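Can you read through this structure? Questions will come right after.
Letters A, B, C and D mark the chains in the order given here, with residues in each chain numbered from 1 onward.
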Amino acid sequence: MARLDVATGGHRMQIGFVGLGAMGSAMAGRLLAAGHAVHVFNRTAQRAESLRAQGASVAATPAEATAQAQVVVTMVSDDAALGQVTFGKDGIASALRDDAVHVGMSTIGVDAARQVASRHRAQRQRYVSVPVFGRPDAAAQGKLFLMAAGADADLQAVSPLLGQLGQSTHTIGPEPWQANLVKLLGNFMLMSMVETLAETAVVADKAGIEPARVVEALTGTLFNAPPYRNYGASIAAQRFRPAGFGLPLAQKDNRLLLAAADALGVPLPVASLLHDRFLGVRARGIGEGHDLSALAVGALADAGLRWKDG
Amino acid sequence: MARLDVATGGHRMQIGFVGLGAMGSAMAGRLLAAGHAVHVFNRTAQRAESLRAQGASVAATPAEATAQAQVVVTMVSDDAALGQVTFGKDGIASALRDDAVHVGMSTIGVDAARQVASRHRAQRQRYVSVPVFGRPDAAAQGKLFLMAAGADADLQAVSPLLGQLGQSTHTIGPEPWQANLVKLLGNFMLMSMVETLAETAVVADKAGIEPARVVEALTGTLFNAPPYRNYGASIAAQRFRPAGFGLPLAQKDNRLLLAAADALGVPLPVASLLHDRFLGVRARGIGEGHDLSALAVGALADAGLRWKDG
Amino acid sequence: MARLDVATGGHRMQIGFVGLGAMGSAMAGRLLAAGHAVHVFNRTAQRAESLRAQGASVAATPAEATAQAQVVVTMVSDDAALGQVTFGKDGIASALRDDAVHVGMSTIGVDAARQVASRHRAQRQRYVSVPVFGRPDAAAQGKLFLMAAGADADLQAVSPLLGQLGQSTHTIGPEPWQANLVKLLGNFMLMSMVETLAETAVVADKAGIEPARVVEALTGTLFNAPPYRNYGASIAAQRFRPAGFGLPLAQKDNRLLLAAADALGVPLPVASLLHDRFLGVRARGIGEGHDLSALAVGALADAGLRWKDG
Amino acid sequence: MARLDVATGGHRMQIGFVGLGAMGSAMAGRLLAAGHAVHVFNRTAQRAESLRAQGASVAATPAEATAQAQVVVTMVSDDAALGQVTFGKDGIASALRDDAVHVGMSTIGVDAARQVASRHRAQRQRYVSVPVFGRPDAAAQGKLFLMAAGADADLQAVSPLLGQLGQSTHTIGPEPWQANLVKLLGNFMLMSMVETLAETAVVADKAGIEPARVVEALTGTLFNAPPYRNYGASIAAQRFRPAGFGLPLAQKDNRLLLAAADALGVPLPVASLLHDRFLGVRARGIGEGHDLSALAVGALADAGLRWKDG
């Protein structure tokens, strides 16, 4: 099949893929489309069915997805899930070949990343962290932005794979956790932008200016980047559902950043402020099903304004 | 001169231009290049000389620059200066023709803008606020972003002029001060971005990652807008001079926003945090000659890091 | 009259007293009871009637209250009122005898205090600032705490009077405004305490502990000072009316402190936080008629808790 | 011995005492002086010697100190130490009699307290939390303030003992962790006071007023409680050593409060601000050997002021 040869550059790889949420499914689908052999595992087996239809082999355990793989990608929801699929019963570590590389792409905490790397190292196994920026549709098209950290040789080994998932890969440093930290910092920049846009929209509203008009005037000119435009529009319209970046996930990531900064000895007043905002918003019943943009409810409430439920 | 006819659309206007700092000079130069008759005034007369060479007539007072003008533009440093050139001795208001429009383009406070508008109105004179985003080089090329507010007819009357100064004009509302408020909000978004980038760079540094690498990884991907890239690069390199947007000016604008928000009944925790940061940075002797990016000294100091003087 | 000789130590003074709010009336009454001749003025004349019944002479203007006085006390609501009664038409300054001393006891801003002192000095008149801590009932019993600043000789001249109004006088410095600053700092300490008690009470409530129980446990032991006990009890009971220290007055004083600290180059993060809290609480319609303790509504709202209107 | 009968009310108890830091030693000494039989254990055995001289029996393990005890008191440094002495090898839980009560008096986190209580309950053992306020000298004189929580019957059983350690006992609620939370809240109130005093002292300094004068004027009048006076004096004098309440311990307790408030869904902006202050101060090398009052270094640094090392 010529198409495959082109897509994989002639290197059809055996890939294990663990974690089939919206992001994981799109990424695994991308790898299948590129011609790789993909062995998928998900805790809830049903989520694997559409990938099976696309040609994936469905494994019963992480170990089974790992056994033949040259690369195993994990894309799970949090620290605990990563620990479980990696070092739990029938986990990745129990089956990882000496020459294979585990590529952790989940958004996790720095401590968790350190531990995963350290336990793999103790077993003489190869591990790199490559968290990503982008939504599922970007994943499906190989348009993610990748932050990669780990040993050079290991990153080199997986670079063809990364090239198929992302439009660019930035190498952060030799320690896998460094990439996880950069991912948390990127999310922090997003959240700070959201809070700032929310305060801006509220001032506009109280000044009798349509928030959408101000948001457009600013994000169509000086702040002309997609996250500004997208979050700005959502905040101006008070369109807080459906969740792109779910508010509870964002809150969790902010906690992870604060923990990392605490360990590094860095005060982060903006992140502290966001922490309090998240708590205040959630105490008002906002959270499940809401997007990060719903953080704006904090600024709205403090200005005595109402907000739509949506 | 065909060029002129094209440039001015056949409408060569008589323009008064008061305030010839870096921005004002560039803007007046642009209007001259477009073929208009420009009568300039600056408190320090010497600054008018290069414009005289470009064809401007140099006035001895704001009133003299105003007398024949269909439009008078003010681009001065602060509230007091605007009050002085407008309502002081031999000021604009003393000579403004009934059919002429005063276009206030300075970055000023909401209260000051209200007063200028109100005093003009009491004298049955026409006033609009059109503050701008952009640096002098953008001004010289007519690439500013304009925020315009005032009566429709007045904005309509000056729209050809605005079209020559800016690449786009956003209409904010019927009250001139509303545009001034939006300008302050835009500056607030810049300052919040700078603080967030500074916190990000400091975390990276303490984590053993070159700040420039993190800044590039984030502002080259998800946050790919010029202000992110420019401020991010300055902060990563600790290149705090020369001043593009001077730190003391930024501090002043933040005070103006806080005052406006106080009057509107809106708490702005991010702006409050910035207020404290500015004070802390200036108490360390940072300010004159430093760019807004030097706000990063606050985050650096609080993390126990050193910074370059520059 | 033996009583008088004892009370005034034989020195019956001629006292002008301007400003008869709850505090001023109690203070003037105290001075009358001590045997002094008190000439009172209040903008709303009616408030002087009960003092007339106690023996005061009621003046038609501040100047009239001042004409015979060795000491003129002002106890008015804000900066503007002080400027008006002092330097307005028929103001104190127009009638103040060379050997008389104006004792400003109002809570005013540092700038206003500087100006009053400076204008008096320009007229070779004597002025000292002696703001007070305490409620009207303490004023009626001469139990206030006085913060005094000004020239030694002037303070010396009025010390018998101060001794009858306060249980103690602390000398702060040679510049009158310094005492006004200390008064603002004391109020700041109160407000910070209120916010801290509010956050404490809310945590307790969410933990299923009766807030009153926690407040009693802490303010009956380690934090056993009247302001802790009083504000703590009000907050625990959500008893926000009537106003002892009115919330809008407290908000104003916090603004005055922030302005003073800005001028001095001192960031005050706790005062900034209080500023935002005040705005947030007022935006919810809390203010007129409410006590400073109602600041707790901010912490309650942010924790998703309800509060009583009272 | 009549003295003993009076002191113990005729009830000489068998008491296990684990944890002989400055506080624990003073408390155990107090119990010995009251006539009780005290079986002490400390990880570093040497610290038990002076108590042995006072009549204590020195145990080789927590279990040995527990075996005969009707009450076992723990006064250790943190969550981990409490877990170790209670549930570790030869721990309290391995030897606690059915009718005996474990009284946890350490300052620990809410989660840790929940776990200790829960594990004891699972073993049908009795546990109450009774953290304390006060310094070692207060402990030696039985003048502590006690916050008690747990089952009524258990608290009743140990009330004679508590009466000998504290000048008062406040009952907080039925769940042991509730008392630990109140202890953290009390420490939070202390820290907030320290930050507020520091900001106050810095404003005074910049205004040319001796900080000690302002502190005395305010803490000798309106804020006349020992913690205000003591911390105020230390801050004014920049006397940051020796540590009464060590700064790193205070930082830890603030983290524990933030964690508890996060779990309860309560934003605590003042505690967040303190968190950042602690990090900023420690990043400047302040910490080991310094008192909580050294938190003032944050406010000093941000105002561009120097501070003494001490």
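Everything below uses one rule, namely that a residue touches a chain if its C-beta (ideal position, glycine included) is under 8 Å from a C-beta of that chain, and two chains touch if they have at least 3 such contacts.
Nothing here was measured: the structure is a model prediction, and the numbers come from that model.
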For subunit B and subunit D, what is the smallest step count along a path of chains that touch one another? 1
Chain separated most widely from subunit D, comparing mean CA positions: B
Whole-Å gap separating subunit A and subunit B, where each centre is the average of the chain's CA atoms: 38
Cα centre of subunit A to Cα centre of subunit C, whole Å, reads 55
Rounded to the nearest Å, the gap between Cα centres of subunit C and subunit D is 38
Going through subunit C residue by residue, note those that touch at least 2 other chains and give them in order. 261, 265-269, 273, 276, 279-280, 283, 302-304
Quick check: in the complex, which residue numbers of subunit A touch subunit C? 276, 279-280, 283-285, 301-305
Along subunit D, where are the residues that touch subunit A in the complex? 255, 261-262, 265-269, 272-273, 275-277, 279-280, 282-283
Residues of subunit D touching subunit C in their complex? 133, 145, 147, 168, 170, 172-173, 175, 178, 181-182, 185-186, 188-190, 192-193, 195-197, 199-200, 202-204, 206-209, 213-214, 216-218, 220-228, 257, 260-261, 264-271, 273, 302-304
